[in-house]
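Both complexes shown next keep chain A, but they swap its partner, so chain B is in the first and chain C is in the second.
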Partner chain A sequence: MSVSQNWRLERQRYRLQGEECPHCGAKIFPPRDACPECAKPAQEPYTFVGKGEIYSYTTVIDGPLGFEYQSPYVVALVKLDEGPIITTQLTDLEGEPEIGMRVEMVTRKLRTDGDEGVIVYGYKFRPLLLPEA
Partner chain B sequence: MTPQTDQPALPPMKPDREVGIVGYGAYVPRYRLPGAEISRIWKDGMGGSPVAEKSLPGLDEDVVTMSIEAARNALARADIDPSQIRAVWVGSESHPYAVKPSSTIVAEAIGAVPATLAADMEFACKAGSEAMQAAIGMVGSGMAPYALGIGMDTAQGRPGDALEYTAAAGGAAYLIGPAGESLAVIEATYSFVTDTPDFWRRAQAIYPSHGERFTGEPAYFHHITSAGKALMDGLGAKAADFDYAVFHQPNVKFPQRAAKMLGFTGEQIEVGLLSNRIGNTYAGAALIGLTAILDQAKPGDRILMVSFGSGAGSDAMAVRATDLLAERRDRAPKTEDYIARRTEVDYAVYARYRGKLRTK
Partner chain C sequence: MRDVCIIGIGQTPLGELWDRSLRHLAFDALQAAANDAGLAEAGIDRPDALFVGNMLSARTIDQAQLGALIADFCGWRGIEAATVEAACASGGAAFQAGVRAVASGMVDVAAVCGVEKMTDVGKDEITSALATAADADYEVVHGVTFVALNALVMQRYMYEYDIPHEAFANFAVNAHQNAVNNPNAMFRRAIKAETYNKAAMIAPPVNLFDSSPVCDGAAAAILCPLEMARDLSNVIPVRVLASTTGTDSLNLDDRHDMLSLNAARISVQKAYDIAGVGPEDIDLFELHDAFTIMATLSLEASGFAERGHGTDLARSGEIAIGGRVPICTMGGLKARGHPVGATGVYGIVDAVTQLRGEAGENQVQGAGIAMAQNIGGTGSTVVTHILGV
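For the complex of A and B:
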């Protein structure tokens, strides 16, 4: 992905900013300007709380170019508390994750374009640092 | 060998408008390397370590990601809209880019853009308190309602060098704002610098160099005690008037001795003295000692913080906890929560995590 494509995705990647549908109230991620629930236009920005649970996961042993330094790593489908399911890396794991495990969003290095290119930052999810009240 | 600093002390620094800490947040990554592991590799297990263990960042962490988490913790303890933050300063000696500010990435991630000053500060281990000083001046002058000062590092020591035992990762973020909204009010500050070549790293070098015996008396102790004493004298305060103190902590012994020289007891520095468990977090070291203290201070408690950065200089700050502190501190993870989150690694994992293996 080019430097400018990454740049356009910053808000969504750094802050988990999606959209909220003004018609039916659905929370949308990634932002797509049309509600997947009621098909009406939806452009109101909404920043997700950043908590959810693991829906499914897999371990990547040999990561593709740009990810090789972080391999092996775990990629998961995380169901956000507001509804949407997103694909994300898990981080700060100790041992295997579990389906249904509660996780929270952190901003980490996603990949680097070699030694001289840009560092791409974005969301990952980790096991909760503190138990929920 | 004392530098030319026999001029009389000036009054403490105080902004026109009273300011304070409206939010604070710590961050320590989860990985720990015991000193015994470094000794095993380089000294055949002989010889001690100045700290029990040090923290190191994961493969996907750097000063930017760590600053973002500390800043989010600071925001969680404040009741403000992040767009009201008019300055974001990140002090570090390990910014991920040589050219491109860490601070703009942090500002973007927390929503403190675009009407914002942003810059990276560099002053060895004093860069974090320097960022706080700048934020105090910015808010104290009325130019900004809120300003964020961060000290964060992922420090590297040359393999086998004495500094490898302590060079660690961590730090803290301080959101400065009006005194009336503060969890702790800034009473006054005092900054003290001289040109002292005790420790440095040239532009293309990966690892720092140091002036061996030059690092103690004329550098660390001279600057810390001069700044600390000038601030206490200016406030008409004695060591006994403070409930807590924290001094830059490159190891365990230096801050203990500096405390003694200034008249503080072991009890007063105990809570903020974290170096034995996380190592020297450089620009974050004094600042994260202060977050540990704020995590448990009572209303009215007075705290003295004195940083030290090679090159060399110290910033001393006196702060006083308010009633709001106890009400807000549980809104984010505490310093001890991060220290308790601990995964021990061996030297091989450390060598990989810290980029000490060449793969091409």
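For the complex of A and C:
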């Protein structure tokens, strides 16, 4: 991935910034300018809180290029509290994850492109550090 | 619109074909299809157009523009030719482009070739290349592979419907059994459920036998209008009764209901309506068993099982030749092989073989209507064809 391709995604990767549809109120991630629910224009920025629960998960035993040094690692679908499901790695796990487990966003190194390439940072999710009220 | 027929089919063996280049594979399949159709005897020295299904050549062999390359390599310099790409549904999408061209009247004889060269690069590179079918910005950057995406679906499926992993075993057993009699298949050996149950996990719950193999291969078909097919002797014309495509979000995570395979529901419903048939009329179903979970969801989305009950058809043996809905009759993606951009055309070739009554030991008796389905990504593009004699 090029520097510009990553740079354009900064607000999503570092802040979970998506969109809120002014027509139907849907919370949208990733942002896409046309609401996936009502197909009307939706470009109002909305920053997600960054908490949710595990919807599904698996372990990548043999990672692709750029992830070799991380293998094995756990990837998951996380259902954010505001509705959307996102794809992410799980980190800071102690023991097996399970569907329904509460998780929260943290910022971590996602991948590297060799010695010369870009180091990509972005969101991963971990089990809640503090119990919820 | 004109009725369209398949008058010729051809294929290469599937496997690690290091001695054959992509252009040679395409040539072999297309020449076999042209000979099968008897084009030369009919005084036709070339098709009017060539539609190539391919996903990865720019990445695996540094080669794009396969339309011109293959047309020229076949001695057809000058004809209309281009590649159609829809990830693993590229073959089905290319075949559909050929059907549309002939149906419209703009092309009389169309050639379709699905071709893929996957084994020239190493495992890491092919894994990354396949991942380009997923969302680069929001899926792949997190380290998901195609196996992992299917694992996420399978894990959720097993959780929601309380299905044990063993329930999927017969998909692999059936595919391997059917490949034994297919001389072109990659894995021509039967396996037992025990082999499946003991196989190593590659991304739990997906194990080695839930997943189809990386391989090379090419398959081809020649299309023409029905009235022209009647003039060609020695050919059993197989009619294209329906040719449809449905799409869904590119991202798996963007679907409200990722177990529904909505793109398949869309394309199958349209296909049934156009052909005027229902699931009870389908004598065999060449579905897209890239992973056992995809076979399961495809059976459910295509009307052969209720949601959550796709594996029942495998466990009860209904998917075997002689069963209610025979699938993967020549080995499917699992055992025949899955050269991604070629797979959709292999499915058509296998269905035509059955409808002509040329499937030998694997013949589905009295096969009159067949369905072939080709899935791109995690169900982002689904192409469905219904064929009949």
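Just so it is clear, the second predicted complex is superposed on the first by the 133 of 133 C-alpha atoms of A that agree within 3 Å, B and C clash if a C-alpha of one lies under 4 Å from a C-alpha of the other, contacts with A are read in each partner's own complex, and residues count from 1 in each chain.
One rule holds for everything that comes next: a contact is a pair of C-beta atoms (placed from the backbone, for glycine too) under 8 Å apart; a residue touches a chain by one contact, two chains touch by 3 or more.
These figures come from a predicted structure and were not determined experimentally.
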item: Chain A as common anchor, with chain B and chain C clashing or fitting; value: fit
item: Comparison of chain B and chain C by chain A residues contacted; value: C
item: Vertex chain A angle, Cα centres of chain C and chain B, expressed to the nearest 10 degrees; value: 150
item: First (chain B), second (chain C), both or neither touched by A:L77; value: second
item: Contacts of A:T107 with chain B and chain C, given as first, second, both or neither; value: first
item: Shortest CA-CA distance in Å separating chain B from chain C in the superposed model; value: 12
item: Chain B and chain C footprints on chain A, overlapping residues; value: 70, 89, 110, 124
item: Contact footprint of chain B on chain A as seen in their complex; value: 10-11, 14-15, 47, 69-70, 89, 91-92, 94, 106-110, 119, 121, 124, 129-130
item: Sites on chain C touched by chain A in the complex; value: 123-125, 127-128, 131, 136-145, 147-148, 151-153, 155-156, 159, 201-206, 249, 251-254
item: Complex interface listing, chain B residues touching chain A; value: 30, 58-62, 64-65, 68-69, 96-97, 105, 108-111, 333, 337-338, 341, 343
item: Footprint of chain C on chain A - complex, ascending; value: 1, 5, 9, 12, 30, 36, 55-68, 70, 73, 75-77, 84-89, 99, 110-111, 120, 122, 124
